[in-house]
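Structures for review follow.
Shared between the two complexes below is subunit A, which has subunit B as its partner in the first and subunit C in the second.
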Partner chain A sequence: MKREPFFWITVSCGIVIMAFILLPLIQMMSAPSAGMLKETIQDKDVVRSIWLSIYTAGLAALISFVLGTPLAYLLARSAFKGKRLVESIIDLPIAIPHPVVGIAILSVAGKNHWIGQILSELGIRIMGSVTGIVTVLTFVGIPFYLNAAKAGFEGISPRLEKVSRSLGASMSSTFFRITFPLAWRSMLIGIIMCCARAISEFGAVVIVAYHPMIAPVMIYERFEAYGLKYSQPVAVWLVSISLLLFLILRILTLENRKET
Partner chain B sequence: MDNRKSILAIIFIFAFFMTGLLIYPQSGWTKEKQPSGKVIIFNAGSLTIPFAKMEKVFEARYPNVDIIQESAGSRKCARKITGLKKPCDIMASADYTVIDQLLIPTYADWNIRFATNRLVLCYTNTSNYAKEINAQNWYEILLKKDVVWGHADHNIDPCGYRSVMVLQLAEKYYKKPGLFKKLIANRPQENIRPKSVELISLLQTGNMDYAWEYRSVAVQHELKFVELPDRINLGNYKHDTFYKKAVVKVTGKKPGTFLNKKGKSCTYGITLLKNAPKTQAATAFLQYMLDAQGGLKILKDMGQPPFIPCRVPTAEMKARLPKALRDLVEVRE
Partner chain C sequence: MITIRGLNIDLRDFHLRDVNLDVAENEFFILMGPTGAGKTVLLEAIAGLIPLMSGKIFIGEREITGLPPEKRGISIVYQDYALFPHLTVLENITYGLHFHRTDKTHIKKRLDRLLEVLNLFDLKQRFPVNLSGGEKQRVALARALMVEPKVLLLDEPLSALDPNFREEVRNALKGLHQSSTTTFLMVTHDFVEVLSLAGRAAVMNKGRIEQTGHVKEIFEKPVSPFVADFVGMKNLFEASFHETYAVVSGLKIEIGRIVDPSSRYLAVRPEDIIISREKFSSSMRNSYSGIITQINNQGFYYEIAVIVKNVSFKGLITKGALIELGLEEGIPVYVSFKASAVHVF
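The block that comes next holds the complex of A and B.
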């Protein structure tokens, strides 16, 4: 079969994009020596910061999952006035410059704001705390979860739910026994997307919390204090972990496609 | 015949204009003495804002001159000249000794001290104990459990280690043994930020009560601040021997290595490079900048106390200055 020119255009565009994404990453990943990498991962501070990154990003994803699922379901199933507005508000954190997110969160967390006053009465501190980091990461990550979960719910026919309801199941049992088993894959993808977004966040976090250091902040600190040579190995470890996350995501969506 | 005449006329007019264009730049038609060209200034990061303002005023006065600022750390600026051999007319350093050590005598002949800076303790109206704090009791307030205060990362920002030096000097100055340790104990690591300027947003949002900054930064951001005695604020080079007693350990070239930074005053120095590409225009800028009514006034308004008049250490150095600058400086240790 003779290929049309259009086919070759798609292929060459694809190659350009692959090279664009991969070349800088490969360059960075291959820069540090194996010895450097080993030395870096034996550094307690590095391990602590990478662990903190994973842990806080995971927490942000968990919070997004618990709080976001009902909202995603609501948006997928019902039409109401102002739905568009709610949807655009959900996308806002994607569009705002990262340092602005940090400043915005700090400005409600300070004692110049009533929320900050309540938090301080409760003994909760946002600035320079793990709580603060998780708050920021949830803020930047939650849109990714909501959108993925919403798309998942929208893919399930409401008829299935109606049948379940007509057979006498309550709304909650319909959700847990019909909708959830069908949509869990999209929800998982949402969780992974949210996690990946959270792990990569730097600009907002460094404003809210420099110490304790998450991995991206440590990469910045090492770069400023010691230069590229000592920041790259940390970056390599972090990117490897992110790659792992995306690999899982790809595998999951692949299985999804086979089934349908 | 007519045709030929007109062609000749056109050629003549064309040639006339062409020669005019060619002669124009060198001819006496332009004001010959008017300085012109691109003046390249390497300046310390903390001078960026006042220098940008001076640039505007100066360029309005001399439309043919284009001032180009490149700001970086003072040492980095010097290295660009000595190491990378980048063309540069004027170099302004946040630490005047950088010019003495790295540029004189090979790259420059003289070094004018033109301004100072010093560490101050910034706060806002909503800071805890904002009504009580003053130059006498500041350290007692920083020891209180319900006060959140911080400084820049001493490994990344010179303002960070200078802030720590002030605390060390305070222990000696107020004769309170153990004060430094107690102060640091009341400043959890979380209160450190990479750059001092980032502390300002923490103050303004009420997440922090007090932060250490350069005086110029405090003025430029309209913060309230406590001024400290000269002996500890790192602002007066006459106290350099006392400042030297403050020693802060900062990270070295690789993780796990360290080096010691010794206390030194924040005194700004400026020089004109020997091989400046645009000596005339650069001298004109310096003439404006070192004038009490010109650049120095801008510095003063922006919180960087200038020396009026500016200072050179010896009469011999003063003799080496361009004539136009000699009247603007005095000889003073």
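The block that comes next holds the complex of A and C.
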């Protein structure tokens, strides 16, 4: 069968895009020698910054999960005036340039703002602290969790919940017995996406907290100070460990899907 | 049993207006009406799943208007079954027991009886995804009845099923109703279901109840043109009324009784119309000659349209009668019906 030209256009565009994404990554991943990689991972500063990146991103995802789940459920289940506005506000962090996010957070966390004053009275520091990093990562990551969880809730027929209520279950029993078991996979995907977004953040974090140094800031610093060759091994380790973590999470969810 | 007074609901797409309804204890009551009439909204309002704008709902003597759904003792079965996909058949059926304290031997007895009546014993460990439509609906019924509700609401429970399953589930429904004290309130479009299951019924249109009464009464004496049209009154005409006869576009039709002069419509059911080649010699007070304009095959029956002066009558005959009488479009025939078959409203 002879294919139409349109088919070949779609295939070639696909190949170009795959190459565009993969070539630089493969080049970067394969550039450092094994010796350099080994030397880098023995550097305590590197390990510390990668660990900081991972656990701040994890914390941001956890906060998004706890605070975001009720809102995602509300948005999926109810129609109210201003719902579109709320949804647009949720998407704002995706659209704002990253350094602007950092500046915006500092402007409420500073001493000139009442929130900043309350925080400093409570002994909470945003500027140059782990708290600050987690704050920034939650800000940029939470839209991804909210949207994924909301889509998950929307995929569950409200009738299942209605039947559950009519059979005697309260709203909260219905959520934990029906809604959550059916939506947790979407919620987990939301957590992974939120985490991935948080690990990759640089622009906003560098404004709020240059130190303690998360991995992307360290990569940037090494690039600025010593050049490409010195920054590549850290990048390789960050990308590899992140990919491995996401892969494990995905496999766990797929295995559970088979059970049900 | 169910008493609804002055119920009004405003949702974005649906409105219910001044709905009043009385359903007796252990009755099998049917709600009919076209799509968008608000039947499902009314069911969900009774179950407490939709907020009311005004009005009151009682179950027995007890007002339930402000109660949350889980405190009402009302189960609901939907057309699309709404089985919990992550639970087995058995877990689905016993779901409601988590929230009801009942004696264990009583539960066991009831469960066994439902599994038996609905023929679900062999399916207990399956997940809903592995069930046929009829099986799913039987599970949904068992789940709804397991908690011994005072009222069972059924939202077109048979309409998504194949004809074979439909009859099977319909019979199951009938048996379950007869052997329980639960009041059944069911929404349907299907007149076979109405005639075979219900005692009384109501017809809804545009958020209002147009007519309530015994099924026979609704089919035979519709109170409005809408109800007449909905329950299948094909021969529906605007008429003027004089003593014991009416005039439809110059055609005089005997009614045989004096009717309210403010009436505006008359109707004759197609099955009450006799079509013949010769003038029908009997007690039929209305007999007219006309021409066949159309013959429509409707499965078991043929619908024959006959024009008399300017009035088009529709009658139903069997295929056998069609061939025997040699009916074709364009041939002259007689249209006859009894005065008592004429409905006036």
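By our rule, the second predicted complex is superposed on the first by the 237 of 260 C-alpha atoms of A that agree within 3 Å, B and C clash if a C-alpha of one lies under 4 Å from a C-alpha of the other, contacts with A are read in each partner's own complex, and residues count from 1 in each chain.
One rule holds for everything that comes next: contacts are C-beta pairs under 8 Å (C-beta built on N, C-alpha and C of every residue); 3 or more make two chains touch, one makes a residue touch a chain.
Predicted model only: the values in this text are computed from it and were never measured.
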Fit or clash between subunit C and subunit B when superposed on subunit A: fit
Contacts of A:170 with subunit B and subunit C, given as first, second, both or neither: second
Which superposed partner A:226 touches (first subunit B, second subunit C, both, neither): first
Which superposed partner A:111 touches (first subunit B, second subunit C, both, neither): first
Comparing the two partners subunit B and subunit C, which touches a greater set of residues in subunit A: B
First, second, both or neither for A:162, with subunit B first and subunit C second: second
Which of subunit B and subunit C A:79 touches, first, second, both or neither: second
Which superposed partner A:181 touches (first subunit B, second subunit C, both, neither): second
Where the C-alpha centre of subunit A sits as vertex, the angle toward subunit B and subunit C in the overlay (nearest 10 degrees): 140
Partner chain(s) touched by A:127 [first = subunit B, second = subunit C, both, neither]: first
Shortest CA-CA distance between subunit B and subunit C [superposed frame, angstrom]: 47
Common interface residues of subunit A - those touching subunit B in one complex and subunit C in the other: none
Touching residues (chain side subunit A, partner subunit C) in the complex: 79, 157, 159-160, 162-171, 173, 177-178, 181-182, 260
Contact footprint of subunit A on subunit C as seen in their complex: 12, 44, 47-49, 68-70, 72, 74-76, 78, 80, 82, 84-86, 95-96, 98-100, 127, 143-144, 147
Residues on subunit B engaged by subunit A in the complex (per definition of touch): 126, 148, 153, 155-156, 188-194, 198, 201-202, 205-208, 251, 253-255
Complex contacts: residues of subunit A adjacent to subunit B: 43, 103, 106-107, 109-113, 116, 126-129, 206-207, 209-212, 220-222, 224-226, 229-230
